[in-house]
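So the structure is just underneath, and the comments pick up after that.
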Amino acid sequence: MVVQNPIADVGKRATNPKVEAYKGLLKRLIKNKAAVVGGLLIIVFILTGIVGPYFTWLDPNATQITNKLAPPSAEHWFGTDNYGRDIFTRIIHGMSITMKVGFFSVALGGVIGVFLGIISGYYGGKMDTFIMRVMDVILAFPGILLALAIVSVLGGSIQNVIIAVGIFSVPAFARIVRGSTLSVRKLEYIDAVKALGASDARIIFKHILPNVLSPIIVQATLRIATAVLTASGLSFLGLGAQPPTPEWGAMLSEGRAYMHQAPHLVLFPGIMIVLFVLAFNVFGDGLRDALDPKMKK
Amino acid sequence: MAKKEMLKVEGLKQYFPIKGGLMGRTINHVKAVDDISFTIYEGETVSIVGESGCGKSTTGRSILRLEEPTDGSVVFNGEELTTLSKREMRKHRKDLQIIFQDPYASINPRQTVADVLDEAMTIQKILPAKQRRKRIIELLETVGLNEYQADRYPHEFSGGQRQRIGIARALSVNPKLIICDEAVSALDVSIQAQVLNLLEELQEQYQLTYLFISHDLGVVRHISDRVIVMYLGKIVEIGDKHSIFENAKHPYTKALLSAIPVPDPTREKKHIVLTGDVPSPIDPPAGCRFHTRCPFAQDICKKETPVLGTYAAMADGHEAACHFVEEIESGTLQAKEFEETVFG
Amino acid sequence: METDLLKVENLRTSFYTDDGEVKAVDGVSFGLPKGKTLGIVGESGSGKSITALSILKLLAANGKIVGGEVNFKGENLLSYSDKEMRSIRGNAISMIFQEPMTSLNPVFTVGQQISESLVKHQQLGKKEAMSRSIELLKLVGIPSPDKRVKQYPHELSGGMRQRVMIAIALACNPEILIADEPTTALDVTIQAQILGLIRGLQKKFGMSVIMITHDLGVVAETCDYVAVMYAGQVVEYADILSLFQYPKHPYTIGLMNSLPRHDKELEKLEPILGNVPNPKEMPVGCRFAPRCPAATDLCRTKMPDLLPDEKGNDIRCWIYTDQWDGESEVTIYGEKRNAESGRTQTILSH
Amino acid sequence: GGGGDSSGSDTNSDLDSDKGEGVEGGDLVLAVLSDASSLDPAGSNDVPSSVVQANIYETLVKRDDENKVIPGLAESWEPIDDTTYEFKLREGVKFHDGEPFNAEAVKANLDRIRDAKVGSPRFFLYEMITDVVVQDEYTVQIKTEYPFAPLLAHLSHNGGGMVSPKSIAADYDAMNSGKDAGSVISTAPVGTGYFKFDSWQPGDNIKLVKNDDYWGDKVHVDSVTFKVIPESPVRNADLETGHVHIADPIQPNEVVGINNSDFAKVNQKASSSLAYLGFNTEKEPFNDPKVRQAISMLVNKEDISEGVYDGFGVLAKGPLAPGIFGYNEDAKPVDYNVEEAKKLLEEAGYADGFKSSIWTNDNPQRQQIAVLIQEELKKVNIEVDINVMEFGAYLEKTANGEHDMFILGWSNPTGDADYGMYALFHSAQKGSPGNRSFYENKEVDKLLDEGRRESNPEKRIEIYNKVQEHLIEDAPMVYLIHTEYLTGVSNKIKGFSIDTSGIYQLQDVQFVE
Amino acid sequence: MTKFIVRRLLQTIPVLIGVSILVFSLMYLIPGDPAQIIAGEAASPQTVEQIREKLGLNDPAPVQYFKYVKNIVQGDLGNSIRSGRPVMDEIKARFWITVELSFYSTLLAVFLGLIAGIISAVKHYSWSDVTIMIVALFGLSMPNFWLGLMLIQWFAIGPDWLPEFLKMRASGWGDSWKQVILPVVTLGTGGAAIIARMTRSSMLEVIGQDYIRTARAKGLGERVVVYRHALKNALIPVVTVVGLEFGGFLGGAVLTETIFAINGMGRLTIDAIRTRDFPIVQGTVLIISFLFVFVNLLVDISYRLLNKRMDVN
């Protein structure tokens, strides 16, 4: 069959469209100076976290009581702690732990939250009411206490901190995803595939999930920041990583007894946490701007 | 008449609960569609017109069970749809397709055109996977797109082209009936005409039946065989397009037709202007729903709901739901405060 | 022809985006005589709204007027300072926007929003302004206006909101009212009310109106003159009768012919082929050339100017110039047009 | 070794040396780690409560700095037979509410603390008492189920603080109307002490005022406030800025800084408590004494003392601190000896080391000890994980014997060897009563039982010396250190001291000009 | 409006029931026997058993829960296990301290955040915008206990040259402004940062709205447009954040209270968890949750006052 005339084509390039779509995003991301700085910092953190420990020349856990609380020097860049351990080395080794806490807790909270959020937004009704009430309960429940309770039940360890912080971040994901699901669900293409006879699973995983991804990603980067802060707060309350793990929050918390005498014990881990959290906040912000068409100028 | 009944809707109701009050109980309903019946025969185009919120889209969605109807029956091709299980319904969806208004929202932005069509065929198991690519290209050509556009994403197409993709998707499963819900309303006039022509050609070629939903009476007149006029969830008039456009009987239909500006500066510019706004479907007026704005309204209109009927001077199959069709026609009933306005 | 109250000449407005300059308005010229209504029609994205916003200099931060003149009573508004512009806006020239739903501030009452203009431009006291607001609401046909002034926008229906917008626009008896698609968001029956209202008020106050719309029906019923826009340019400017009886520009012809009508039966629609050009990749020659059935090499390589014809209407098309290189009789979307070669050229835009 | 020995002495006199003349009056403010949980002597068994109670209530007998039992509210006492003691009470003593102190009051108090309905956490102190018999107004006899030598020591414990009988009656009345035991006594404590209760802002402060009717020497200050400040830097900041006069505890590492300052000095006092690393002797490989001994040899107590306590502590030879009745001066402690340890491990079949874990609670010093021990054990390929638990969970799990090694402390508020060893090492006390090593040695059990019943002090010392030898030999735990109480004392006051169980002695405290 | 408030109040009931079940089961699951903790490290089994019996800890969990709920309904939160005092009394003493601390911190956060956010939005892309946003990001990224410690180091202990009037009291709450500032700054900084960012983006978004264009089309001056038309709308999302922050402060006050030795609900809860003082934990968590829900109710109400549009839903 012939339809009148062929329609004029819009663009003539035959490039890979997937690449094109992401190129645009990347371009906008790169335009955001802060996001670039944040992104670079994150890359540095990740690289250091992975390869850094192989390049340190000291044992992060080797104690040397005779050299405790030494101030920063050429030998010990960030000084030594109350056991005479090298703080610089410990910070490098702690990087991956901090990252683990950030990533895994967000992954945990994200997976559960996204799942609940989609279910809630997609099916609505009683299910939605129930899930959202449960989320309200978790939100209303003082976060740090929830974490405290979880860590108390399961014992203090990195895994349990991750679980605690992860659960703590479930409602944030669930709410955001529910919101976006509700708006995506209203879009006509969802009805169109429904009208084609698509199953709920297909609609959820193929059509809704990919389209609620960008707020999830933004939320995830920002949540990593929050997670690291929460985890360090738990460490401060003595419920974080087990000694001698060089987790930054734990280092900070241990070091506070020496604050007057040897401020470098709290200064360096503190700065590292700030930088780490900052990097993710900045990057998350940039990502949000880049993903938000409204900000497109 | 030897016309085959394609779709028979009877007593269809769609009420949406309004939650509220203490503990989020249902305190009221939006009576979006309130007891409507009509039949569509094979190969024809029936349009639903009416103002925003009168329940046009809801009617379409209920037929497709995108919204579970509150009440009523929908018989498609001899089979009752409302009682099918979800699973069985999915199989039947092959025959009933829908094209939406918004060319930007009606395609998943993360699928290429080929993905979209392939998925449709996968779901309904139309063809073995290997032969689908060929079919996709055929479909694209059918709707006036090119093969090289198959692997592009929706954002690379214009609105009119996207609407064509939507049409291709609907066609891909070889449907018998397509519901076009404002399928051309969002398009510019010049593009709208392209798509309308395409729909007409496809209908001819595949003996498609259309349920065409639109508030644009120009488009409706152009494309339809028969027209249903809805007001606040009810059908107020139904008939073939000549009856409706040239011999409207219901005061609402008349007002509607008269309110539309005509693109002809030489014509006399008189319009019946209805006073007031469309009432809310939550608490629709009792009796005839139009009585609050009707210049002919009498006491009985406030109490009794008129039923569709064919009166004198009305063609076969032309029905109107008004207590006073004949009185208005004969001029024995005069309009109160009947306002006529001139725009220019 | 009367002297124009407002005369826009070769207006050009660009937006600066991440992907470069978007020439949203690129050669718009028209005149608006006092007391008359000028329609601006054209497809979505053709620059109608931006033209209107440019007149009032209300462009978004990334937009800039890069050329042309907007002469209001002989003075070029483009040379006005911000402060001078503010004394024009809402006062001598006011505007009604496309979206009645979002154009009213949700956190202020209707009365507050109307009074503001009055307080600003007519130095009324708050009380006076409020009672004047009530009068204005009455004027635009809102029942029980004394109650409505105290209500918030969300408490009103779409039609009422649009009336409020009109009341705001009329508050200071403007000389020009720009109505940017004042009825697109509304139902036909409500549209009829609003259009009737605007027309009535125009008669009553003798103001000039610019009616922006994409609906040729609205244009036919409300306007005296029409500017047809395509891809940021005015392609045809004519009095209403000439335009509908003998449209000259191929785009105008196409537009008329692709319009399904409820008042008469059309055999088949004659759609304009192809799509609106991408604003980032404008054709070098005539912008309509890629879709024009009569286009020649000339059309594709050189942009025609907007030139007046014998009736004083303007047209931007090579066919009606002496440079035309095609057939002398061309068929455009089923309509025949004669090329008018040999006419003298006067360049309208300076 | 004895690195910390010299610091064991009381430095009180140095502290006050060049301070000026004392003055009467003033509000003394103490910054303490945590709030009292109850001001009812029968209501709780924690140090923060005891330090306050000690100022309100008095006990029948007291102990002096050498741990000798001296008269308190009882002027004298004598054993009548193996299981009966008779006390002559001080006359003319009045409770803060004006009630007289007499034999009936003693009976009421000792009966109350043993009353199951009261459910006192200090019940264990007096559970051997079978009867309290009033002989006359000022004579009372206490009968025990079996001969119980440490009875006097137990009576010197804060739990034996005498509460006004009127309060006790009122408390019982409240209990009958559904209130918890102690609801009256704890909120309005009435004793005979040199301070009277004034007010309690739970969680924040407790204020006591001078008892002008005290039977003995009256205190110098008008009032004393115990203010809760959990964070050490904050306590010190307040001490420095003069908002508090006594800050307890001071972190070992802060001592030098404070001593060098011009606003305060640190009061050091050897405690009677023990910090230890316990083994679960019922679990492999710790059921083998050789392994336990080996680990004992691997623990470098000097390092712990230096690293964790900055030298403020006495290295432990055995379970008892110096000065406690029954302390074995001559016990041979296990010394740090890596070579010997390796040999022992080899003999035990663990030449290649093993994997294990150390549990501790969220006490920073215990965590630090754990870290240091972990590092030491690495040297013989013993890989240990450190498991820090929250206190409640920690107590429960160690009581259940779920642990391998654990670090805990044991304080000795009675100053008697029985208190310091019976609960820790008697096989009848496994689990929650104190024997979290699940140590079982028939001989030790027998000796501990004898020690309790033997009334002759010489013989008791002999018995306990034997016990300690067994305990060092068997090494059910590594006896780490007897810590010191480090208390910041403002230069604005003098006369402060602290006893071996950590109770502040405020009787003589006064502000200086 | 009243109807709305009543409805919202009733809606909090299921949340509070959920919270109570959650806290109850958590407390039940946590290892650690309160009787054991009260009895201490050296507790004879008889002693422990006596305490358990006294506290009713030997009842099965559901029985304990229903007893508890029954008492709550009668307005009785039970007695503290540790001190024996009624939970109500224990909380009352601390409740206002935490509320005050949160309130002042919120006030500070709102004050600083709004000013910074508005300046930032109005001077979009200027150096002051950039500076404010960088500072805000730091504020957001700082662990607040660390900030608290640093503040104590600098302003309580302080360097010698620090003038006396700048020396703050490191411990306690509320006797003088010197006891208020440090904790409030510690707790409020993060909130100020969040509010500043929120205000900025919300302002920027509102400035792009159609009704702002309408305001300009009326010929209004820029100040009127920004401060009258834009700000009032921009405040709506900010109010939500303020509510959430205030709620967060209530829970987050734990760390601040611990550091500054403030005798508030947060510290009470932590101590109670440590000592397995179930009734206290349940009481505080319930009250903090209730406050959180209540504050969000206030937010919703101010929402409606600010934005009448909400009535539609």
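As written, the chain order gives the labels A, B, C, D and E, with residue 1 at the start of each chain.
Throughout what follows, a contact is a pair of C-beta atoms (placed from the backbone, for glycine too) under 8 Å apart; a residue touches a chain by one contact, two chains touch by 3 or more.
As the structure is a computational prediction, the values presented were derived from the model and not from experiment.
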Chain pair with the higher count of C-beta pairs in contact (D-E, A-C): D-E
Centroid-based (C-alpha) most distant chain relative to chain B: D
Geometric centre distance via CA averages, chain E-chain C, whole Å: 54
Distance between chain centroids, defined by C-alpha means - chain B, chain D (Å): 87
Distance from the mean Cα position of chain E to that of chain A, given in whole angstrom: 23
Of all residues in chain A, the ones touching two or more other chains: 4-5, 7, 10-11, 152, 256, 259-260
Contacts with two or more other chains, residues of chain C listed in rising order: 271, 273, 275
Overlap residues in chain E, where contacts from two or more other chains coincide: 30-32, 149, 153, 157, 208, 258, 273
Of chain D, residues touching chain E in the complex: 31, 34, 37-38, 40, 43-46, 116-124, 127, 179-183, 186-187, 201-204, 227-231, 233-238, 240-241, 243, 390-397, 399, 408-410, 423, 429, 432-434
Parts of chain B lying in touch with chain A, wherever the complex brings them together: 24, 61, 64, 66, 89-91, 93-94, 96-98, 100-102, 105-110, 112, 119-120, 123-124, 141-146, 148-149, 151-153, 155-158, 160-161, 164, 166, 169, 173, 194, 197-198, 201, 205
List of chain B residues in touch with chain C within their complex: 51-52, 158, 160-161, 188-194, 196-197, 215-223, 245, 255-267, 269, 271, 273-275, 277-278, 341-344
Chain A to chain B touching residues, read off their complex: 1, 3-7, 9-11, 14, 17-18, 20-21, 129, 187-189, 191-199, 202, 206-207, 210-211
Touching residues on chain E, where the partner in the complex is chain C: 208-222, 229, 232-233, 306-309, 311-312
